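Shared chain: chain A. Partners: chain B in the first complex, chain C in the second.
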Partner chain A sequence: MKELQIQYKKILADYLKNQTERNLYIGQNFIRQLIQKKVTPEEVISIHKHAVEQIYPDITSEILNSFDFLIEIMVHFGLTVQEHQSLLVQQEELRIEMNVATKIQSMLLKTAIPKVNELDIGMVSIPIRKMNGDYVHFLNDEQHYVSVAVTDVVGKGVPAALCMSMVKYGLDTLEYANNNPSYVLEVLNRIIEKSVDDSMFVSMFYGTYDIKGNIFTYGSAGHEPAIYYNSRDQKFYDLESRGLLLGVMSEVKYRQYKIHLEENDFILMITDGVTDFRKQGDLDPRNVIKELALNYINLSAQEMCERMYAYLKDLTDFNLEDDFTVVIFKK
Partner chain B sequence: MNVNVQFREDGNVMRGYIEGEIDTFTAPVLRDELEAVQIVEGRRVELDLSKVNYIDSTGLGIFVAFYKKVTRENVQLRLVGLSSRLVRLFEITGLSELMSIETDAEVELKQ
Partner chain C sequence: MVGGIILNSKSTVEIITEWDIVVARQLGRNEAKIIGFGTVEQARITTAISELARNIYLYASAGEIVIERIEEVEKYGIRITAIDKGPGIDNVRKVMEDGYSTSGGLGAGLPGVKRLMDGMEIQTTVGKGTIIKIEKWI
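Showing the complex of A and B:
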């Protein structure tokens, strides 16, 4: 402190003698040093007071008292600065923890697209923030079945991520059980309903494709309806099912439906982030998606998903505000 | 983006008029307003959504939570004045089977 005191006195004396930009600049640099050394604002005033006393030995006691007054009242200012600094440290700690959590989440929820000769599968899932509220889970049972769960957890950030892990483990546990969509949805609903608060829920579309029989069986829990393209009729059908969201009520029955897939038919499974055009005007988002799918029909399922995302991302009416997920099963 | 809620007692019915967009940012405001509503057994609660043009999934969560709360207290909840877009949202999520909802047109027909 003594050293700082001497340095400050010199800088102040120079400035008082000659009020140049340069002398001012030296003072500004000196204060940066003090900040780094965590010298509080009231200590700076105290340093200033001593320097003035030494430069002007005849200074009146009134002026000196006014410095003491300033030192006392600046104590609160110093406390606030300290608080701010400790918040900055805490914020940095939280940021690091958040990064770790994000890494863990993406590791836990990593999904590999199954390779099946008889079915072309594509997927794009893009989070709007660090943590993804959408989750796609594939199951592939030794070339007999390929199943997919497309989920959207309401809420964002950490609570949604925790809920998502629960969904993932629920689906993993059901892997070797009977994988009828209605059964899977009923079990998951019971698990989620017990564990989440009143305003939380999960929407899920669950589909199982029987590779030998070419039958796609599906059910939905409050999820955006999947879109089915029948190439023989050259028509789209919405796979409506109106099952209740997961986690709202304990005992809910879910219906399941079957469709037979023919060559070039495809099923487009999406989350509401895809159809959520806030300013939609006359534009029906689902029609936009269907048109896009038709444009890219000759591409692979993966390319179709990627092109759709690229197109929608640049569309002005489509203000991407939610996580975006598209999965395509193409025969 | 804002949401505004006003409640009016009308005999045995507590009517809430909601106006605005209900999304991640405005949902907490709506939640607080709905939490403050006095639920009295035997009285109905009716929420008028005719001036709501957008609800996202977080907003939907607020209605689900409110529905659960009033149902526990044996109070009936009705949502009225829903635009076709909102009706669609409640249908897709299966909530229309659970809650009593009415569209704009149905309200007009009654009057």
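Showing the complex of A and C:
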């Protein structure tokens, strides 16, 4: 403190002799040091008062008293500054914790896209915030079936992420069981309804593809309808299914439907983040997506997903408003 | 954290009206000056007293502020004890969190008081009252 006092006095004396920009600049650099050393505002004023006293020994006591007054009222200001600094430290701690949680989530929810000779599969899932509210879960028993669950938790951030891990474990336990879409949705609905807060809902599209029979069986719980392209008719069909969101009521039945996939047919499963660019005037988002998919139809399923994401990100000026997930099953 | 040998007799100020806060401040400042605290430290001690007295005035209908000199080996200081029979503090950890009381503009809050001093101790029982001891050494 003594050292700082001496330095400050010199800088102030220089300025009082010569009111140059250079001297002001030196003063500002000096205050940076004081902030680093956590010198509070009231201490700065006290340092100033002593410096003035030394430079002008004849100064009136009224002026000196005015500094005492300033010290007194700056105590609160100093407290605010210290509180602010401590909150910044806490914020940094939270940020670090959040990064760890994000890493854990992405490790937990990591899904490899299955490789199946008879079916081309692609996926892109990009979170809008750190934690992803969308989740894609694949099941593949090599020879017979490839199944996929495309999930969107209503609600974002940490609560959604916690809910998501539960969905993942629910799906994991069903791995070797009967994986009919209606059965899977009914079981998950019961789990979520029992264990999650009333304000938390999950939408899910569940589809399972019979590799030998080329049959795609699907069901949906309040999820954005998947899009089916029939290449022989050159037509798109919305895979509507009026299932209730998971977690609303305990005993809900979910219907399942079957489609026979032919060469070049594909199924596009999305979350509502994909159709969430309604601000773009009178474009119907689902039509935009269908058109895009047709443009890219000669690419691999993975490239189709990536191109769609790139195009939509561009269309919305990089302001996608929700987690974005596209999965494509292409025959 | 809070200890020391008491040298002088205590001075006590009852806090009933807002002006009693000023009396407590004055007493604390005089004492701090006699002990040998500098201007900035005097201002801090007085602010801490002010905050505790204000808490009594605002949240407990009555209470008192006790100011005393303390001494340890080659060490002098001041101790302020705020005693009230108010509602008590339900969650001490919560009131010691930054941003909890200050966000409502209620003042420095207890974390602020703690920062102004070297030591702080809170004893509280819901429905019975609160005793807060703070100390500062030269």
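Note that in this section the second predicted complex is superposed on the first by the 324 of 331 C-alpha atoms of A that agree within 3 Å, B and C clash if a C-alpha of one lies under 4 Å from a C-alpha of the other, contacts with A are read in each partner's own complex, and residues count from 1 in each chain.
Simple rule for what comes next: a residue touches a chain if its C-beta (ideal position, glycine included) is under 8 Å from a C-beta of that chain, and two chains touch if they have at least 3 such contacts.
Treat the numbers as computed from the prediction; the structure is a model and nothing was measured.
Undergrad: Just to be sure I read the superposition right, which of the two partners does A:D68 touch: chain B = first, chain C = second, or both, or neither?
TA: second
Undergrad: Tell me the contact category for A:N287 with respect to chain B and chain C: first, second, both or neither.
TA: Neither chain B nor chain C is touched by A:N287.
Undergrad: Looking at the overlay, what does A:N295 touch: chain B (first), chain C (second), both, or neither?
TA: In the superposition, A:N295 touches no partner, neither chain B nor chain C.
Undergrad: Report for A:S199: first if it touches chain B alone, second if chain C alone, otherwise both or neither.
TA: Touch status of A:S199: first partner only.
Undergrad: Regarding the shared-chain residue A:R242, is it in contact with chain B (first), chain C (second), both, or neither?
TA: First partner only, chain B.
Undergrad: So in the superposed three-chain picture, is A:A221 touching just chain B, just chain C, both, or none of them (first/second/both/neither)?
TA: In the superposition, A:A221 contacts chain B only.
Undergrad: Mind working out whether A:S86 is in touch with chain B, chain C, both or neither, as first, second, both or neither?
TA: Once the two structures are laid over each other on A, A:S86 reaches chain C alone.
Undergrad: Between chain C and chain B, which one touches more residues of chain A when both complexes sit on the common chain A?
TA: B
Undergrad: Give the list of chain A residues in touch with chain C in this complex.
TA: Residue positions touching the partner: 42-43, 46, 49, 68, 71-72, 75-76, 79-80, 82-83, 86-87, 90.
Undergrad: Where on chain A is chain B touching in the complex?
TA: 152, 154-156, 197-201, 203, 221-225, 242-245, 248-249, 272, 276, 278, 280, 321-322
Undergrad: In their shared complex, at which residues does chain B touch chain A?
TA: 23-24, 31, 54, 56-58, 60-62, 64-65, 68-69, 85, 91-98
Undergrad: Contact residues on chain C for chain A in the complex?
TA: Against chain A, chain C makes touches at 38-40, 43-44, 46-47, 98-99, 102, 107-108, 111-112, 115-116.
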